Every structure is written in structure tokens, then in C-alpha cells.
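Shared chain: subunit A. Partners: subunit B in the first complex, subunit C in the second.
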Partner chain A sequence: MRAAGLWSSLLALAAALLLPWYLTQDGIAQMPVAGLAWLSDPDYAPAAGQVFTQGRWWLWPALLAPGLGLLAALLPMPRAGRAWLFLLAGGLGLGLLVVQGYAIGVQGWSAPWLEGLFGPMEDRQFGVGWGGALVPAALAALLAAGLAGRGAFRGDAFTATVAVCIALAIAVFTALPLILLLGDAFRDAGGAVAAGALFGRLADDRLWSLACLAGAPRCGVVWNTAFLGVLVGAGTTALGLAFALLVVRGRLRLGRPLRWLTVLPIVTPPFILGLGLILIFGRSGIVSLAASSLFGIELGRWIYGLPGVLLAQLFAFTPIAFLVLIGVVEGLSPTLEEASSTLRATPRDTFQTVTLPLLLPGLANAFLLGFVESMADFGNPVVLGGQFGVLATEIFFAVVGAQADAGRAATLSLVLLAMALGAFFLQNRLTARKSYVSIGGKGDAGLAPPLPAGVRRLCLMVALPWACLTIALYVLAISGGFVEVWGRDYTPTLRHMIKAFEISGGQLTGLAWNSVITTVTLAAISAPITAALGIAAAWLFSRTRFAGKGVLEFATMLSFAVPGTVIGVAYLRAFNLPPLELAGTGAIIVACFVFRNLPVGLRSGMAAMAQIDPSLDEASHTLGGGGGDAFRRVVLPLLRPAIMAGLVYAFVRAMTTISAVIFLVTADTELATVFIVNRVINGDYGLAIAVAVVLIALMLVMLGLAQLLVGRRRIGRRLAVAPAIQQGGAVA
Partner chain B sequence: MSRAAEVRFDHVWKRFGAGSTAVRDVSFTVPAGTLCTLLGPSGCGKTTTLRMIAGLEYPSEGRVLIGGRDVSALPPAERDVSMVFQSYALFPHMTVLENVCYGLTVSRRPKREAAEAGRAALESVGLAGFEARLPSELSGGQQQRVAVARALVLEPSVLLFDEPLSNLDARLRRKMREEIRELQQRLGVTVVYVTHDQAEALAISDKIIVMNQAVIAQEGTPQDLYESPVSAFVAGFVGEANRIPVTLRRLDGGMAEVTAGDARLVLPHRGLPDGAAELALRPEAIALLGASDPAAMLRGKVLKAAYLGGVREITVGTPVGEVFVVSPSTGGMPAQGDDVGLGFGRHGAALLPGGAGA
Partner chain C sequence: MLLRVIQAAVAAAALLTVPGAARAQGSLNLYCSVQVEWCQAAANAFQRETGVRVSVSQKGSGEVLAQIRAEAQNPRGDLWFGGTGDPHLQAADENLSAEYRPAVLDQLHDWAQRQARDSHYRTVGIYAGALGFGFNTELLARRNIAAPACWKDLLEPRFRNEIQMANPQSSGTAYVMIATIVQLMGEEPAFDYLKALHRNINAYPRQGTGPIKSVARGETGVSISFVHDAVTERLGGFPVGSAVPCEGSGYEVGSMSIIRGARNLRNAQRFYDWALTPAAQQLGAETKQFQTPSNRATPIPPEAPQMSQIRLIDYDFAKYGASSERRRLIERWDREVNTLPR
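Presenting the complex of A and B:
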């Protein structure tokens, strides 16, 4: 506790004395280092310089609080007294810094009553920079040390620090934006709070109209979204089940290639399938052209709208359903089916009375997953939607379109959020009650029965054409990047590739270089942060006990259910003004990547943690190790493969994401996915595909490298040892 | 090792959530340097009790004292206690030596010193030469010894065992329990040992604490528990017992006359009042006699008879109920339906309160 307090105080003090407090226009690279000039520069000065040379007295806490913490750590005093001082310095310092940040903005006092209280304010302040971010973070760690000293978190400073830091991060980067967004929905166009504003917008006919049932051209976007979601959920579940049954029970030699197919949607930018559909069924698509030249039938624009979006999403999300359902089918205990067959049931009876009912919770889970994915998808609807609006795209157009109606965007986001959360909770309840899927492999040595002939035929009829279609779609979509002009001139060319990635005279003159390099850089920065936070949170939630853990875990998981579009709008709203003025910087994109992908890393981390016997941690505790020792020496080495997977996954997801970041990019920080979407919207398909192909290749290389690395270290074998010991023992 | 410390529980409660009490107002003392067993069926609270000594659980109420120091709120690392886990909990990614040295490594001892102590500990459990192996490359018994060595290397004042032998086969179990007892006597360390196997508990303990449904049912030496159980539960859990309904009449000098059917016996009354009571009768303490033998106190017919090599297990139907007898296999096997007599004396018989505690 004392060491943790000492280090956090030192860190805070160093940051307050040396690092620029405010965000600087030109970045930290331009800092006037010579002669220590930055220490008193009005732009670059750290907290100390701001206080002493710029007269910004409200930054005193940034100096005093670490000082107090340092004194408490160094002076001899009883444990309880030191803990109180840490608590006081950390808590009060952090609190005062937050208060000043929100009280004094770009126009001086941020509220009239503050001026009445303190007198007029001549000064103004902009968003916080390195110093302004690091000092509060270190003070939070000091607060954690104090809490541990008071006996919270079982007196373990490491656990306390991890818990407080994660809680703070979730509060700032997930809860705060969503709460501000919620507030926006209650404001009218002028920005004043008006409870009626929300209901006025909610009652909008564009949301709820059912006119299309009566023959009108379109329905409300809420119905569109829900209808599409149900169709996609049902479709992907059916297709995924057919594939899963065939692979696990179908006695086919297709397992390996099919499993590879499931990697594709992970590395594919989300709108590439939409693009492929345009190249096939669009007005100059090969099928449409063939139809008109062979049969004289004009197929027209049918692909733009519900059919197109539905098809694209089915292609995109079926592999996800497959991935879920293959786990469920493999998890079925063959013993139950063997029991059924020894009780004189035919294979068909067994399938209907045992297998299918056991699969039901898994099917419902896959359906809800498809529903949520469809709702959150932005790329396909924006490419193929046409007049068929869904919530994700409507929100986008409310923000960037001619209407620029922040209140409407907030309201639509709320509706989308409510739908997503509803589905998420339903799904959570289902997975919590998965009691009769028997995973664990304890003495389940039975042989899975083959599929009944009829079921097998049906699965083959559904799955094989679909698999061929998927492959054809990918092949066509990719080849679109290597012909002159799709639909008119099919001469093979590398023109698009060169246009995107030209290097002439040692200069990267290609159009896409900038965005691809930005994407890779930001993804590479965010991936380790995501993985580290995810593993730390997974350890915290599965291995420690403290008050408020349930709430924190819930809040972390909650951001899993928030659609990307909503997050994008919320970030834009929350980080546009001081003190957290991140909009337009790479930092906001990194933060968005990290907190969008954190729940995924958390889930896989928790799954991996469940494989490790908790008595290993306990053994470390009884042998004199603190929380940090158990984490660093026992859990981390055993989790190495999971960490690797988390890293790669975070990287890949960051590279392919579009829905959230499309609101956050600027000319300086354009991402490759945004670049591609803009080319698609302009009809420049060749260039878009060329860039997408390079992205996919890059990600496949990453995945392959990771596979190789994990394989070579042979950690897998060692990890597999852990459960084997227990099981071997239990059998003996 | 003269640092052995006394372990004391002072009115300790442990509640998990609402309405679930794992340990209810438990107080006991384990004298320094002795081996004490916590014995009981699964779910009786014995493992929770052990984990509270280790610091892996904290009491909801009451105090835990080790060597006179109140450790109730201290984390495991500050308790000078080591534990051997049921699953051994060997770190699968570390070699045997790294496992054994772990405690020294995390307390920042110099590497060389740690390795030396680790080797010595491995030698003391007979595993010299296995330092570089991974736990997965050892047999169950060897893994168990590594776990013991790892716990010993810190020279703790209290050593805890959580059902350490339950993952071993019967033959190895017997050998390991002798080794543990021998080690404890050699080092003079305080050991608290959890098991549900009464034979194991009887064989190695200085003192046994029998737990049932979150409370202590009885504590004492193995002999105390076997010869004078205070309740039907203890009589049935520590060894086997026939429970025969009897009538009790107090005599002078702490004795009582006990009648069951025709049988009459004089036993210490153990504070029981006159009237209905129960007699716990050990199967081994009953002699199988001829039907007309004058020493027979009960008579009946053989219902079941099983030959087990050294002994015979015979169930006899008598007017006071079925009586289970284990007797040496001398003489022939009685057949089903034979008339036999049963003889018993004060040895192996104990009075229990009638009807209660069934």
C-alpha cells in the first residue's frame, strides 16, 4: 500500500511538474525544449508553470495533492493514518481537478452562477493534454492505494489500482458519452432542455409509420430495422445450423475449409459483401447485364433496398452464427443421444426428441446475435440501402446530412440503443440458463450419432449452394479491383492498385497510403491497450471480490450491446469540448477502438480464465504472493495464448470497423474503411476494392503470424495440462 | 522447527450470501505442534474452516488467532501459513523447482538461496533429481509430494492440508498419509488436515474435530471419538455403529443399567436421564456365538452373510432390530437362516440420547 502510494504520488508530481497540461495545437513534437522554455510557455507549460507563471490558481490541486501523497508515503506514521491521507489526497485532488475542468471552459466560467460566486474570469482553458490526463490518472491510483489501506479490496493495492482504473476508464469512455447523449435527446433544436422534445421526435411518423403495409413506398425506420433484424437473425441461424450439423455430424470432409471460411467475415471490411452484390446484381452487374442482353429483361435497381441489405447481411453474418452453433453442437453430450438410441428410438426420433430440443437455447442465442449484428451494421445499409432506411444509417444522415439535427440523432440513437439492449438482455438470460448444454468433457466418451438421412440431405441442399455463392461473391468482389471498369470493360489491369498504392521517386503518392498508414498505426496503438485492459478486467471480474464488482462488470459488458453508430455519435457529443477535447485527434479514435473492442477481449479473457483452476491463484496467495504476484507470475503466463488472440483480434477489429469511427475521422485521421466507403459512395469501385484487398491481405498475414507464434512456443500443450491434472486426479 | 503456532477459532461464523451459513459459531483450539483433523461429510463446513485459517475466506463474525495473534482480517500472504490443495494447484507452466521456490521468489529472496532451499525441500520429500520436470510429467503421488515440498519450503508455523489424498489410489493413500504424519512429527509443525475419510483421520491425528451441518459435532482424540461418541452422527461417521433402542436406569457411581429385550448391561450413564436411550454398538465388538451359548445377550437369525477374507460381515435379525456384526473369519461361515447368539460387553458400547440426533 505504501509503495503503491509512493509511486503514484511520484508519477502525479512528475507529470504536474514536467508534462504540458493542455492539449496543444501542434502536438507535443513542437514543444520548445531548448532552455526549458516550455516550462513557462502559456501553451506548453505543465501544471506548475500554469500556476506560477500564468496565474491559473485553480490548478493548485495538481501540485498539492501529489505533494501530500508523497509526504504521507515518506513520513513515519501508522498504517491507518497514511491510508486516510492517501484517500484524502487522491480523492480530493481528483475531484477538484474534475470540477475545475468543467467549471472553466473556452469562454471562462461555464455557468453564470459561477461568475456570481467567484467574480469575473478573464482567462479561458482548452482541453487537457498529457499532463492534464496523467495527473488525474495517477491521483486515481493514489486513491486506490488509500482504499486498499483502509481494508477495501482485501487490502491488496494491486487489485485496488486495477479496479479503480477500470472503473474510471469505463465511466469516462462509456458511461459519460452515453449519458450526455441521453441528455441531448431531451433538448430542443436550440439546445434548451425540454422534456417534450424527446416525445415529439419519438412520435415522428418517419420512425413508426406502417404505411408500407397499406401499399405506401416505405415504412418507418424502426420497423425497417426490426424487420430486417428478424429476417437476418432467422436466416443466419438456419444457415449456420445447417453448416454446423454437417461439419460436426455430417461425416463430411469439409470441416477444415468451412472453419477457414469463418475467418473471412472477421477480416472483411463490413461493406465488401455489399459491394460484391452490386458488382453482380447492380445495374451494371454481371447478372443484370446478362439478363438484359440474353433475355431482354431489365432487372433494374431491385438490389438497392431490403433485398440487397438482407442478402449482404446474410452473407456477412452466417459465419458468426456458424461459429456459435458449432460450439453448441459439439457441446451436446453424445451420451444422451446414445441413451435415447438404446431406448429403441430411431435416429430420426433421437434427432427430433433429444438433439433439437437440446439445441434450442443455442439456436435462440444465435438468432439474437444475428438480430443485434444486423441492427448495428452500418456498412451494408449505407452501400445498398437506397431508399430503405434503417436506424444506423438514419443516425448517420441526421448528423452529417443537410439536416444536421443533433437532437434527432440522439433520439434515434436512443431507440437503437434500447432495441440493442433489449436483445442483449434476452440473449444474456438465455446463455445464463444454458444448463443443459454439457461442456466440460468429463468422461463423455460417447460417439455422436450420424444425422438422419433426410436432415442431412436438407442441410446439404441449403449449405452447399450457399457456400458456393459466398465464395463466388468474394471472388467477384475481389476481381472487381483488377478490371478496368466493371460492367463495361473487363480488361485486367493493375491500374486501381497503382492509383491507390503508387510509390514514385521514394514518395508514397498513392491515394490510399495516408489512410492505410493511419489505420495501421491507430490499430497498432489501440490493440495492446485493448488486450491489456481486457485481460486485467477479466482477471478482476473472475478472480477478485469487492463491493461494487457486479455494477462495474455490468457497465463494462453493457458497451458490448451499444451499436457502433450510437457510440460514434455519443463520442462526438462528449469529447468535443474541454476538458476532454479529443474530437479531431487520433486519441478519440484510439479510445473508440479500445472501448468498442474491450468487451470482446474481456469475454475471451474470462473464458480463458475459467480454464485455469482458481486454486492456482490461491496457492500463490498462501505462498506469500500479493495480488500482483498471482496475476503476473501465474495467470499471465498461462493466459499467453489468450492474450495473443486478444491482441490480434483487437487489431483486426480496429482495422475493419466503420460504424463508430465514421463520425470521428477528420482529413488528418482518415481511416482506410472510411476511405473505401467514400469511394463506394462515389461509384469508384475499383479503387475501393483495391484498398480492401490490401487490408484483407494485411490482416490474414497478421492472423497467420499470430498462429505461427503461438504454435511455435508450444504453450497450447502446457495450458492443456492444467485441466488434465484435475481430471486425471478425479478419475483416480 | 520450533516456530509451530497454536490455531484458535473464537466463535467464528461464516455466511455466504443470504440464508446460507457455512460455519456456525465454531470455537476450537489446535495446540502448537499437533496434527488436528477436521472430519465430516461434504458440505459440513470443514473446508471453509480450513480456508479461513489460510486467509482465503474471511469470517463473517468472530476471530481467528494464529500463535495468539488475531489474523481475522489479514490476507493469506501475511499469515505464516502454507496450504496443500486438493488438486495440488501446481503451476503447470513452471518446473518442479520453480514451483517449490515460488514462495521464496515472491518474497524476493536471492535466487541462489531460493534454489538451495527448494532442492533441500525436494530432497526431504524424496524427489531429488526431478527439479527440471514439469508437473504434468509426474505421477499423482509425486505431484502431491511437490505440493508438500512447496508448502514446507517457507517453514510455515501452520501447515494446512485440504483433502490431500483424495486424488490418489487406495494403496498410495495409505503410504502418503504415513509420510505426512512422519513429516509432521519430524518437523514438529502444527498441521490442520481436512478429510472426509474417517480411517485416514483416525490413523494420523492427535485430535479430531468432527463437523456436521456447519457446527462442531464433537472433538477429541481418535480414541475418545471412537469409544465415546456423543451423538448418533459421530457414532455413525467415525467407524460404524449399530444403534439399538434401550431403556436406561441410573445406578450409583455414574453407572446405569441398560436393558434391551433380554439383554442387560451396566455402562457409564454419561449424564443421560432415566428412560429411553440408544446404545451405539460397534460391529467389531460383538462376538458371534452359538444360539444356546449362555454368554449370548441377544439371539436371532442370520439374514445376510459375506466372507471378506480376514473377517466376516453378518447381519442378524434380533427382537431389537437388525444387528451388523464384523467378526474374525475363524470357524465356519453361518448360513442364511441359522440361529445365532450375540455377545457384547462394555467395550465398544456407548450410550446416546434416545431418539434425538438420528
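Presenting the complex of A and C:
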């Protein structure tokens, strides 16, 4: 406890003395002020310089609090007194810094009553930089040391630090944006608080209209979204079930290629599928041209709207249902089915009355995942939706449209959030009510019965054409990047590739270089952070006990239930003004990647952790190790495969995200996915596909490398249980 | 090893906080609303000439306006290049852009100078282009439909589900169309026209150039777009024809504004001056964009539509560029037209 307090105080003090307090426009590496002058420069000075030379007295806590912590750690005193001092220094320092950050903004006092209280303020401050971020973080660690000293977290400073830091991070990057967004929905167009505004917008006919049932052209977007979600959920579940049954019990040798097929949609930038569908079924797509030249039938523009979006989402999300269901089917113990056939049930009866009911929780799970994924999907509806609006695109247009309406965007986000959370609660209730345990402690050496012939035929009839269609879709979509003009001129060309990735005169003049390099860099920065936070959180939630753990776990998982567009809007809302002025920097995108993908890392970490016997931790405790030792020396080495998988998954997800970041990119931080979607919207398909192909290739190489690394790792004489990367998708 | 880790961390840190690592000449954040090829060519040429690092973000003019508005307290962009004039005037109107008088102002065509005067020198014209129709000649021939020549032709049943225009909520092009119709017919008849037209429209894409791209690829028969965009597609090898409505048509004055509170003001002004020179304006034609450039000395390529031969209406930019009028018309369109059945 004393060591933790000492180190965190030292860190805070060093940051306050040396790191620039404010966000420097030109970065930490470029210091335009020569010599040591930056220590007192108004823009670049650390907290100490700001206080002493710039008269910014409100930054005193940044110096005093670490000083107090340091004194408490160094002076001899009883444990209780030291803990109290740590608590005081950490808590009060942190609190005062937060208060000053929000009280003094870009235009002096941020609220009129503050001005009335303290008189006019000449000075102003921008967002916090390295110093302003690190000092509060170190003070939080000091606070944690104090808490541990008071006996919280079973007196373990390491546990306390991890818990406090994660809680703080979740509060800032998940809870704060969502709460602010929630508040926006209650404001009217002028920004004044008006509870009626929410209800006015909620009652909007464009949301709830059911007129299409009576023959009108369109229904409200909420119904559109829900209807599409149900169709996609049902469709992906059925297709996924057919594939899973065939792979596990169909006596086919399709397992490996099918598994690779399931990876594809995960590494595909989200709208490439939609594009492939346009190239095939669009008005000048292959199918339409064939139909009109062979049969003289004009197929027209049917693909734009519900059919197209539905088809694209089925392609995109069936693999997820498959990954969920294959686990469930594999986990099914044959004992009950054997009992059933011993009782002379026909294979068909067994399948209907035993196998299917046992699969129910898995089916419910897959359905709800499909439902939620469909609701959160942005790329496909924006490309194929036509006049079929769903909430995710509607939110987008409420933000970028000519009448930028933050309140409407917030209200729509709330509706979407409510639907997603509702789906999750439903899932929990459905799967928690009955017992579906079929794996007991007793040995189950039985063999799973083969599929009844009829069921097998049905599955084959559904699955094989679908698999072929998927392959065809990918082949055609990708070839669209290598012909002159899809639909007109099929001369093979590398023109689009060159346009995107040209290098002339030693300069990267291609159109896509900037965005691809930014994407890879930001994904590479965020992946290790995501993996580390995920593993730390997984350890915290599955291996320690403390008050408020349930709330924290829920808050961490929250950002998964929140659709990407909502996260994007919320981030823009929360981080556009000081003190957390991250909008426009790469940092906000990294934060978005990290906290959006954290739940997945957390879940896979917890799953891996569940396989490690806690008695190993206890052994470490018995031998005198603290929480930190157990984590570092026991858990981490055993978790390496899971960490690797989490790392790669976070990287891949960051490379393919669009909905959450589309609002956060600027000229400098344009991401490849955003570049692609803009080209697609503009009809520039060749260029879009060329960039997408490069991204897919990059990610497949990453996955292959990771597979090699993870596959080789052995623990003792057993093969390590490596959660394959694909199963990251299952958790998602 | 440790050293290398630290180096990597510092490099990463630099990328995180720096909007663009500043080199000797500094940097410039460009919001660009012309075609991406032109944006990139302009950025590359300026970068080569001056050493200023230019980052380009290409978006429709409506989106850029929304972004500038959202960032007003804390602007991220420096310069807004291209896109129809109305949103630029609107930005000037809302005090989102900064006043600047370029040295070469008197070398520009009258319409470009008028744009500057109308906005109290907060924006300036860089090119002009007439609004018209683009159509896919092959598709129309296959379906035995005659090409449209006048605004009123578009209402005929032969174009049922064949026309695309951009969504005025996000596209300046579409707003020019609405404003043109209103000026040609008067507001009430104009909205009757738009309602009737709505029946024949199959989609309202987000960006102004979306419809003509659909025409080129045979996804739709007819589009309402700028004539020079149709020329671009034709030169790209697509069977695209174009026409200017017989009743007369409106036109856009593509503009350029410096964003108020720009962090790289000096570089933005440099770009502003540079972009008005004939050498810079030629880049448009080099990237196959055939708007009429605003500098009188810029050579006009033979493929470009000749503005002098087009019947243009006397477009009232001051009135229809004003924020309130624009918002009112778009809201009315959204309420009365966009919600109609087809």
C-alpha cells in the first residue's frame, strides 16, 4: 500500500512538473519554443509552470496533492493515518482538478453564476494534454492505495488500483458520453432543457407510423428496424443452424473450409457485401442483364430497399450465428439422445423432441445476436437502403443533414439503445429460466446420432447454395476492383489499384495512402490497449470480489449493446469541448476502438480465465504473493493464447469499424473504411473495392500469423486450449 | 530494445495529439467538396509548390457545413474548397467563415466577384456550372424513352421511377435545383412541380454527384445534375448524354471559404490566393472536371459546356443563399414532398 502510494505520488508529481498540461496543437515531439523556455510557455508549460509563471492558481491541486501523498508515504506514521492521507490527497486532488476543468473553459468561466461568484475571468483554457491526463490518473491510483489501506479490496493495493482505474476509464469513456447524450434528448432545438421535447420527438410520425400496412409507401423507421432485425435474426439463425448441424453431425468433410468461410465476413469492410450485391443484382448487374437479354424481363431496382439490406445482412451475420450454434451443437451430450433411441424413438422423433429443445437457448442466443447486429449495422443500409430508412442511418442523417438536429439524433439513439438493451434482457431471461444442462460430471462416451435423413437433406439444400452464393459474391465483388468499369467494360486493369496506391517521385500520391496508413496505425495503437484492459478487467471480474462489481461489469458491457452510430454521436457530444477536448485527434478514435471492443476482449478473457483453476491463484497467495503477483506470474502466462486472440480480434475490429467512427474522423484522421464508404456513395466502386481488397489482405495476413503463433503454444504436455480467433465473433 | 520501444511510443504519441506532424511549413486542413481526384490533385500540387502539408477530407457541401457548424467553437478545418455556393453563403451568413480579400480578385469573372461581394468577402467563386439533366443513352434507347429536354418533360409518365436527384438535406446541388424551380415558377407552383416529380424519382442519394454516377452505371435513366459532371462521365467511357432545360436553368458558383478561427490561417490564405491562379484552376480540367473556372485567364477546355450558349436564369444568390430561406425551403421540401407516397 505504501509502495503503491509512493509510486503514484511520484508519477503525479513528475507529470505535474514536466509534461505539458494542455493539449499542444503540434504534438509533444515538436516543441517550437527553444531550450527550457517551454517550462513557462503559456501553451506548453506543465502544471508547475502554469501555476508559477502564468498565474493559473486553479492548477495548484496538481502540485499539492502529489506532494501530500509523497510526504505521507515517506514520513513514518501508522498505516491508518497514511491511508487517510492518501485518500485525502488522491480524492480531493482529483475532485478539484475535475471541478476546475469543467468550471473554466475556452471562454473563461463556463457558467454565469461562477462569474458572479468569483468575478470576471480573463484567462481561458483548452483541453488537457499529457500532463492534464496523467496527473489525475496517477491521483486516482493514489486514491486506490488509500482505499486499500482502509481495508477495501481486501487490502490489496494492486486490485484496488486496477479496479479504480477501470472504473474511471469506463465512467469517462462509456458512461459519461451516454449520459450526456441522454440529456440532449431532453433539450429543444435551441438547447434549453425541455422535457416535452423528448416526447414531441418520440411521438414523431416518422418513427412509429404503421401506414405501410394500409398500403402507404413507408412505415416508421422504428418498425422498419425491428422488422428487419427479426427477419435477419430468424434468417441467420436458420442458416447458421443448418451449417452447424451439417458440420458437426452431417458426416461431411467440410469443417475446415467452412470455418475459413466464416472468417471472411469478419475481415470484410462492412459495405463490400452490399456493393457485391449491387454488382450482381443491381440494375446493370449480372443477373439483371442476363434476365433482360435472355428473357426480356426488366428486373429493375428491387435490390434497393428492404430486400437488398436483408440479403446483405444475412450474408454478413450468418457466420456469427454459425459460430454460436456450432459451439452449442458440439457441446450437446449424446446421452439424452441415446436414451431416446433406446426407448425406440425414430431418429426423427429424437431430433424433434430431444435435440431441438436442447438447442433452444443456443437458438435464442443466435437470434438475438442477429437482431442486435442488424439494428447496429450502418454500412449495408446506407449503401442499399434506398428509401428504406432504419434507425442507424436515420441517426446519421440527423447529424449530417442540412438541418443538423442533435436532439433528434439523441432521441433516435435512445430508441435504438432501448431496443438493444431490451433484446439483451430478453435473452438473459429466456436462457436463465430453464435448465439446459446436458454435460454432467459423469463420463459421456456416447456417439452423437447422425442427422435424420430428411433433416440432413433439408440442411444440405439450404446450406450448399448459400455457401456457393457467398463465395460467388466475394469473387465477383473483389473482381470489381480489377476491371475497368463494372457492368460496362470488363477489361482487366490495375487502374483502380494504382489510383489508390500510387507512388510517384518518392511521395505517396495515391488517394488511399493517407487513410490506410492512419487506419493501420490507430488500429495498432488501440489493439494492445484493448487487449490489456480486457484481460485486466476479466481478471478483476472473475477473480476478485468487491462492492459495486456488478454495476461496473454491466457498465463495461454496456458499450457493446450500444449501436455504433450512437457511440459515435455520444463521443462527439462529450469530447468536443475542454477539458476532454479529444474531437479531431486520433486519440478519440483510439478511445472509441478501445471501449467499443473492450466487452469482446473482456468476455473472451473471462471465458479463458474460467478454464484456469483458481487454486493456482490461491497457491500464489499462500506463498506470500499479492494480487499483482498472482496476476503477473500465474494468470498472465496461462492466458497467452487468449491475449493473442484478443489482440488480433481488436485489431481486426478496429480496421473494419465504420458506424462508430464515421463522425469522429477529420481530414487528418480519415480512416480507410470511411474513405471506402464515401467512394461507394459516390458510385466510385472500383476504387472502393481496390482499397477494401488491400484491407482484407492485410487482415488475413494478420490472422494467419496469429493462427501460427497461437497454434504452436503448448502448456505442459497438453495442447493449450486456444480460443480460436473466429470465436471472438461468437462472443460478439 | 527499450530505446526502440520508447521511440515507437513517442512517434505514436506524436500521431495521437498532432493533427498532422507539423513540418517546417506547417500544415493545412482542407475540407473539400469537389470530386476526390480534384481535391487530391490540388492538395498535391499545393504541397509540392509550398511544402505545406495538406490533409484532405472530401465530403458533400451540406455535410461540410454541418461539420463546420458543429465545430464552430473549436474549428478543426482551415479551408473549405469547392461545393455549390449556397452553403458557402450560408456559412458566411452564420459568421462561420473569415473575411479575406485575395489580391487577384479583379482578375475573376463577374459572377465570382459578385459571390465575394454578396458574402462581404467571406467567400469567393472558383468555378461555375449550369444545372441540367444527365441521361443514360443506352438505357433510354433500350426502354424506348426519348431524352428529356425541358423541366416539364420530367413529369411525364415515361420517366416513372427513372429519375434520380440528390437529397437536398445533404446536397447543395439538389438545393440549387429547388431554388431554380422556385425562381422559374414561383414558390407554390414550384412545390406542385416537385410533388409531381417525386412520383418519378426512384432515389434521393446523399451526394450531388451520386445521381449522375448512377446514370453512368445504368442504375437509373435520368439524373438532375450539373452538366459538367455529365461531361466527366461521358469522357470516362459511359453512354451519358446531357441537356440544359429549355425553360432556362440555374447554375452554381462553386466557392471557397476560409473557416473562421482556422488554426493555420496563414496557410489557408496562401491556398486561397493560389487556388485563384490560372495554373491552379487548370487542375480541374486535368482531372476531368469541366466547370467554368473563375479566373478569366484560365484556358477553358473544348469539352467544357459553354456557359455563354446556355439559357441561364438570373439566379438570386443573395436571397436563396441566405440561411433562413434555405432552411425554410428544405424543411418545406422534407415535410411536403419527401413524405409523399410514390
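Basically, the second predicted complex is superposed on the first by the 696 of 732 C-alpha atoms of A that agree within 3 Å, B and C clash if a C-alpha of one lies under 4 Å from a C-alpha of the other, contacts with A are read in each partner's own complex, and residues count from 1 in each chain.
Just so we're on the same page, a residue touches a chain if its C-beta (ideal position, glycine included) is under 8 Å from a C-beta of that chain, and two chains touch if they have at least 3 such contacts.
Predicted model, so just to flag it, every value in this text is computed and none were measured.
Visitor: If you stack the two complexes on chain A, which partner ends up touching A:Q387: first (subunit B), second (subunit C), both, or neither?
Guide: second
Visitor: Let me test your reading of the model: by the given contact rule, A:R301 touches which partner, first (subunit B), second (subunit C), both or neither?
Guide: In the superposed model, A:R301 contacts subunit C only, not subunit B.
Visitor: Quick one: is A:L117 in contact with subunit B, with subunit C, with both, or with neither? Answer first, second, both or neither.
Guide: It touches nothing on subunit B or subunit C.
Visitor: With both complexes superposed on chain A, which partner does A:V485 reach: first (subunit B), second (subunit C), both or neither?
Guide: It touches subunit C, and subunit B stays clear.
Visitor: Looking at A:G625 after the superposition, I want to know if it touches subunit B, subunit C, both of them or none. Which is it: first, second, both, neither?
Guide: Once the two structures are laid over each other on A, A:G625 reaches subunit B alone.
Visitor: Look at A:A3 in the shared chain and tell me whether it touches subunit B only, subunit C only, both, or neither; answer first, second, both or neither.
Guide: Neither partner.
Visitor: Using the superposition on chain A described above, determine whether A:A80 touches subunit B (first), subunit C (second), both, or neither.
Guide: It touches nothing on subunit B or subunit C.
Visitor: Does subunit B (first) or subunit C (second) touch A:G129, or do both, or does neither?
Guide: After superposition on chain A, A:G129 lies in contact with subunit C alone.
Visitor: Identify which of subunit B and subunit C touches the larger number of residues of subunit A.
Guide: After superposition, C is the partner touching more of subunit A.
Visitor: Can you list the residues on subunit C that touch subunit A in the complex?
Guide: 10-22, 29-31, 36-37, 40, 44, 55-59, 62-63, 65-67, 69-71, 73-74, 76-77, 142-143, 161, 168-170, 175, 202-207, 209-210, 213-214, 216-220, 236-238, 263, 326-327, 330-331, 334, 339, 341-342
Visitor: So in the complex, the part of subunit A that touches subunit B is made up of which residues?
Guide: Interface residues on the subunit A side: 151, 154-156, 613, 615-616, 618-626, 629, 633-634, 637-638, 715, 718-719, 721-722, 724-726, 728-730, 732.
Visitor: State the interface residues of subunit B toward subunit A in the complex, per the touch definition above.
Guide: Residue list for subunit B touching subunit A: 54-56, 58, 73-77, 79, 81-83, 85-93, 102-103, 105-107, 134-136, 140, 143, 150-151, 154, 160, 167-169.
Visitor: Once bound in the complex, which stretches of subunit A touch subunit C?
Guide: Answer in residue numbers: 23-30, 106, 129-130, 206, 216-218, 278, 282-284, 292, 298, 300-301, 304, 386-387, 397, 399-404, 484-489, 507, 509, 511, 514, 521, 525, 572, 576-577, 581, 583-587, 590, 665-670, 678-679, 681-685.
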